[in-house]
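In the two assemblies presented below, chain A is common to both, partnered first by chain B and then by chain C.
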Partner chain A sequence: MATEAYEKQAMKERQLTNKVPWKIKMRPFLILSPAFLLTIGILIPFGMAIYFSLTNYSFKYAEYMFVGLENWIAMFSSPSFWHSVGVTLSYAGLATLIETLLGIGIALLLNRENMLARSLRIVLIFPLVIAPVIATIIWQLMTNNSVGIYSDWLRQLGITNFNWGADPSTALITVLIIDAWVFTPFVTILVLAGLRSLPKAPFESAMIDGGSAWFTFKNLTLPMIMPMLIIAVLFRLMLSLQMFDIIFALTRGGPGDTLMTLPLTAYTEAFTYKELGVSLPFMLILYLFVYFLSHFIVKYWTYTQNKASGK
Partner chain B sequence: MKKTLFALVGLLLLMLLFACSNESATKDGGEDSGAESANREPFDEFDWKRFDGEEIEVMLNQHPYADAMIERIPEFEEKTGITVNHSLTPEENYFDKLTTSLNAQNGNPDVFMTGAYQVWEYATAEYIQELDSFIEDETRTSPEYDVDDFYEGILGAGRWDGVPGHPVGEGDLYTVPLAYEFNLLHYNKRALESIGLEAPPQTMEEVIEVGAQLEGWNGEGSYGVGTRGTRSWATIHPGYMTSFTNHGAVDFTVEDGSLVPHLNSEESIEITNMFAELVNEAGPSDWSSYTWYQVSNDLAQGKAAMTYDASNWAIFHNVPGEAPEAGNIGVTTPPRTKEGDLGTNMWVWSIAMNKSSEKKDAAWLFMQYFTGKEHMQWGAIEANVVDPVRKSVFESEEYQQRIGDIEGYVETFNELIDESTIKFTPQPEFFNTTTEWAAALQDIVNGADAEERMNQLNDDIEKRVSRIRAE
Partner chain C sequence: MKKKIIAFLQNAALVLYAMFAIFPLLWLVILSFKHDRDMFNTTFIFTPTLENYRMLFSDGEYIGYFLDNIIVSFGAIALSIIVGVPAAYALARFDFKGRDGIAFTFLSFRFAPEILVVLPLFLLYQELGLYDTYVGLIWVFQVLSLPLLIWILRGYFEDISVEVENAARLDGYSWWQVFIKIVMPLIRPGLVASALLSLIFVWNNFTFSLLLAGQDVTTTTVAMLQYVASDTVHYGQMAGAVLIASLPIIILALSIQKHLVRGLSMGSVKG
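After this line comes the complex of A and B, so read on.
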């Protein structure tokens, strides 16, 4: 009896469904199609990267063959790989740390309503509209020992032979300075947006209770802007791990192997040495770094957002 | 769990699909060149207009030689009726783009600029068309072309038998030269006069000593000797490789069918130490960022008192009004480190044809026109297509007039011509090995122990060339 009723109900539903015009039925697929195409567009190169990392594909030869894990084993047993991992993580960690601290500091200074702060808020976006490669070329000229203005200033301060990107001991700090110049405004803008959206009541209460500036910052401002700050850190960390243009334009990974990060090593293997199969494991390892770090940061972001909204 | 499994299976299927499609693609690649030339359409006689209406793609490197070609493309189009689409790419990325395009094997570009070293990669990969069959075919090559007019050694730089370890000059011809560069010592007469010198230094010790004295000779930031220094193969091939071979060192020998590197030989370590001393005592302090463009510019602007690099700078920068130091630049032989004949490593900019091109006959007309006597003569006098690769151009009155005023140019050319050639051992891992070599040189200039670093480099390069069979 129950089965008969169920079948009748199912038939009614089928009839109803059949009456829906096909254009309406296709609508969800149409809406989803850009996302589908995008996913395919990402998955195809990703699948190809995994496949070619298992071959000896080289631009120097018209043919290639499957070599199993040979490229991966060679990479893990190469000292240059571990050196690249160290340089990549140092660069990304230091760049993110410097830009976050500077970004918070500048945003706090700009979070006031006077003529200077209003003007600086506009001017500060300037480095963000300059492509990193162009910014690097400008810095290269400014730090050039023959014609560079910074080198000239250093000479006037009595510092001679500071060789910026040309010296292994100062190459990393030089690219970090350029990175910070280009990308600190990005962190500043995000933090500033967070600061300007904060409710006034808790700060007024803290002021009435006699809370110090540090107390207010530590216990109110920082936790409340934390979701914004984490988004800034997430973006900066991901992009710093992939950093290629500034280092390539300044030193091509030199002097020696000083700045050979994972993307630089992968590029050199693929396009200078023409060994695509050897290069791809470096990029796939970089993908794993980016994936796991972003996964961890997104989880932490959810936690801080819940905390900031009192859940 | 099911979803993960589904995703994994999907990914594996996707990879299998690529594997199959690419495997089949690679099988279409090779084609016997003899059979290919035999199958070419026969013609009755040579005709510049035969391919009227065709369109060809040309890939060029940003360089004065390319500028000269671009300027005269309209004349070529008028003469042949062929439309030329060209692209111009800065040298830093030119060869990356070119190699990727050739690897695609879709016939684009039809013609490209290249150097002789690149032939060792492109010939073994069968990306590059042999040209003898075109030159020997009287119906395809203009009677005015006169291939014997090229300097034999310079034309031979693009000829190779495809066997790693075998020298250039034998086998098939893959490129036709546009112009060449020797590597010489350029000096600024004003700089030498400022310290009371009447003649340029001749030995490496003298160059280092004089270069050190010339620090700040033309104000803040000026220095003694400019050389290239980036982490690139381009750092090794000019002055460094010239001194390397003049000092008696060799890069590789062939032993039992394998390439054996000798970068840690006594001569190699000695000359590397001398070169590092030259950079440290007389070079710019940010040497490791110096490319061809920086060194050339510093000579032209009066920042560098001397440079050890491409011979054609003496011509480019001595044109009145073209550079602040025009008229002050002279040339002499590479710094001597040992007794014996001096030579120089040579770089030859050439043009070549894509083996996958479907318009080879039209492409060959383009190559003939821009390496023919008429364009070469025009380029050497009216543009900067120097040093000329054709004897008729070098010996012409106009060209002799152009170089006549450059102090030391003709004497240096005559002294070096017999011993100048490509000094590297041809092998397909050239860019791989020389880039690592440049990284080692940077380390040594920055204070690493030369013997230890060259031993390490030698081991590394031995691994990199281990799969090459030199037989």
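After this line comes the complex of A and C, so read on.
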């Protein structure tokens, strides 16, 4: 409906443009210009980032000079870079996987009509709107050695070697738990919205035909909620690739270099070692990756919109 | 019988997850009413005290962080609304060359890694004298709030039939009058929802306030992390502070519940 009306309007605008060219042609740009002016200040840093990545700029010295691709070559040949890439990918991959599976499961459970599901639909959103840093602090209060109730429970169960963020072997699990605590509801509410908009008829006929629950889910539910699911997964993937808050608040990238993702490495290079020039390639390479991902999102987006409007 | 067992197992699984999701928040409430001396030797049974909250508000420090957070968040959202609403309208209504490219450029800001934006801005802000100022933070928060607002509102504008606008124009309203008197009231629910949602993101931000502000402007997220890092942690006060910082956000989220799906997916899912 809306698209149709929009097409008509677009036609009209085009006809108008032929009659009164300049003034109307410029109108959208005029309206957009304040937003552009405001964000140009955010565009400048991108240029600056590329420029400074080619210099030996350091917060320790007043002067800097052009060093070409030195920082880039140094980055690609350092083992710590490949370690960061590995940590970043496993963090983002695992977080997205856990949150997607858990999110779908919880959404299916919430999509039933009983008191429990109805009341939890609202309550379970709470962690999603709490700042990731604050969420980390909450979990630190839960797991700390002296007053943490979770540590206490683990001790009573006889598990004494689970040291949460302090131990290299459990640090990744700990940040993943916190990430899942905050962001699983994101997947849940998108999938739930998808489930609630499903038509009833195909499910009724599947039930009459005696299809198993798994059969119905695989062949009916899943394909039908796919658009929401893909959006949810891509959003999660993109934001967990750049996750800084939770890891920084919990361990600053430690213990050792266990949780040194690309953002944490860039932060440490710039603000601990004061080497801005060295730190920038780490973020630029991540941005490149995220940029392509976001392109994919927009492509998919236009595809579903076109499909919805029958083009 | 089999059905009953399945339903029971489903409820049990849901309750288990709810425990995981909600218990930390309940525990926070409990901690915040616990006296420091009861912290180590009691769990659920103790004499509740308001001491923690009294301490929290006794010096102006915590209230100061809170005010700073309010100033920068509301400032950022107000600015985003002023420039974002017209931009969203233009992107929804006009058909012009490069429209999708421009829309995508705005969207891509939202996905720019925060650290990448911050590193060069750190230099630029010190040059310009914007480091550790309200204006500086309000400006950089546009990275978060403006794309969100533009993309969500664009969808709401597209939902309004063009016929409505054309009819008003036939009645003799000028283009501006149509915008202010006809279109704006129609998108008001969407505007409120997207403004509140961007407010949540800005309020919760950590990276920008950590690196582009210092002594003068400190937001609650940064302040609380500093407090945890100091060695005089009073757990009860900490819990109270965390609760007070999160409660307004939870209430905001509840008030825009109906629009949450649409907002969080930046308008791509019209739940």
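The rule is short, and it goes like this: the second predicted complex is superposed on the first by the 255 of 311 C-alpha atoms of A that agree within 3 Å, B and C clash if a C-alpha of one lies under 4 Å from a C-alpha of the other, contacts with A are read in each partner's own complex, and residues count from 1 in each chain.
In the analysis below, contacts are C-beta pairs under 8 Å (C-beta built on N, C-alpha and C of every residue); 3 or more make two chains touch, one makes a residue touch a chain.
Just so it is clear, the structure is predicted and the values come from calculations on it, not from any experiment.
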Message: So in the superposed three-chain picture, is A:139 touching just chain B, just chain C, both, or none of them (first/second/both/neither)?
response: second
Task: Considering only touches as defined above, state whether A:207 meets chain B (first), chain C (second), both or neither.
output: neither
Message: Let me test your reading of the model: by the given contact rule, A:161 touches which partner, first (chain B), second (chain C), both or neither?
response: first
Query: Touch check for A:173: first (chain B), second (chain C), both, or neither?
result: neither
Task: Kindly classify A:48 by the partners it touches after superposition: chain B alone (first), chain C alone (second), both, or neither?
output: both
- prompt: Looking at the overlay, does A:69 come into contact with chain B only (first), chain C only (second), both, or neither?
  reply: neither
Query: Now for A:147: first (chain B), second (chain C), both, or neither, which partner does it touch?
result: both
- line: Chosen between chain B and chain C, the partner touching more chain A residues is C
Task: Would you please give the residues of chain A that touch chain B in one complex and also touch chain C in the other complex?
output: 44, 48, 140, 146-147, 152, 271
Task: Using the touch definition up top, name the residues of chain A that touch chain C in the complex.
output: 1-3, 5-6, 8-10, 13-14, 25, 27-29, 31-32, 34-35, 38-39, 41-42, 44-46, 48-49, 52, 102, 105-106, 109-110, 112, 114, 116-117, 120, 122-134, 137-142, 146-147, 149, 152, 181, 184-186, 189-190, 193-194, 196-197, 227-228, 231-232, 235, 238-239, 242, 244-245, 248-249, 263, 266-267, 270-271, 276, 279-280, 283-284, 286-287, 290-291, 293-294, 298, 301-302, 304
- prompt: Which residues of chain C touch chain A in their complex?
  reply: 10-11, 13-15, 17-18, 20-22, 24-25, 27-28, 31, 39-40, 43, 79, 82-84, 86-87, 89-91, 93-96, 99-100, 102, 104, 106-109, 111-117, 119-124, 139-140, 142-143, 146, 150, 158-163, 166, 200, 203-207, 211, 221, 224-225, 228, 235, 238-239, 242, 245-246, 249-250, 252-254, 257, 260-261, 264-265, 268-269, 271
- prompt: For chain B, which residues count as touching chain A in their complex?
  reply: 11, 14-15, 18-19, 22, 26, 29-30, 96, 99-100, 102-103, 105, 121, 124-127, 220-223, 229-233, 284-289, 298, 303, 428-429, 431-432, 435, 439-440, 442-443, 445-446, 448
Task: In the complex, go through chain A and note every residue touching chain B.
output: 43-44, 47-48, 50-51, 59-64, 66, 140, 143-147, 151-152, 155, 161, 163-168, 250-257, 268, 271-275
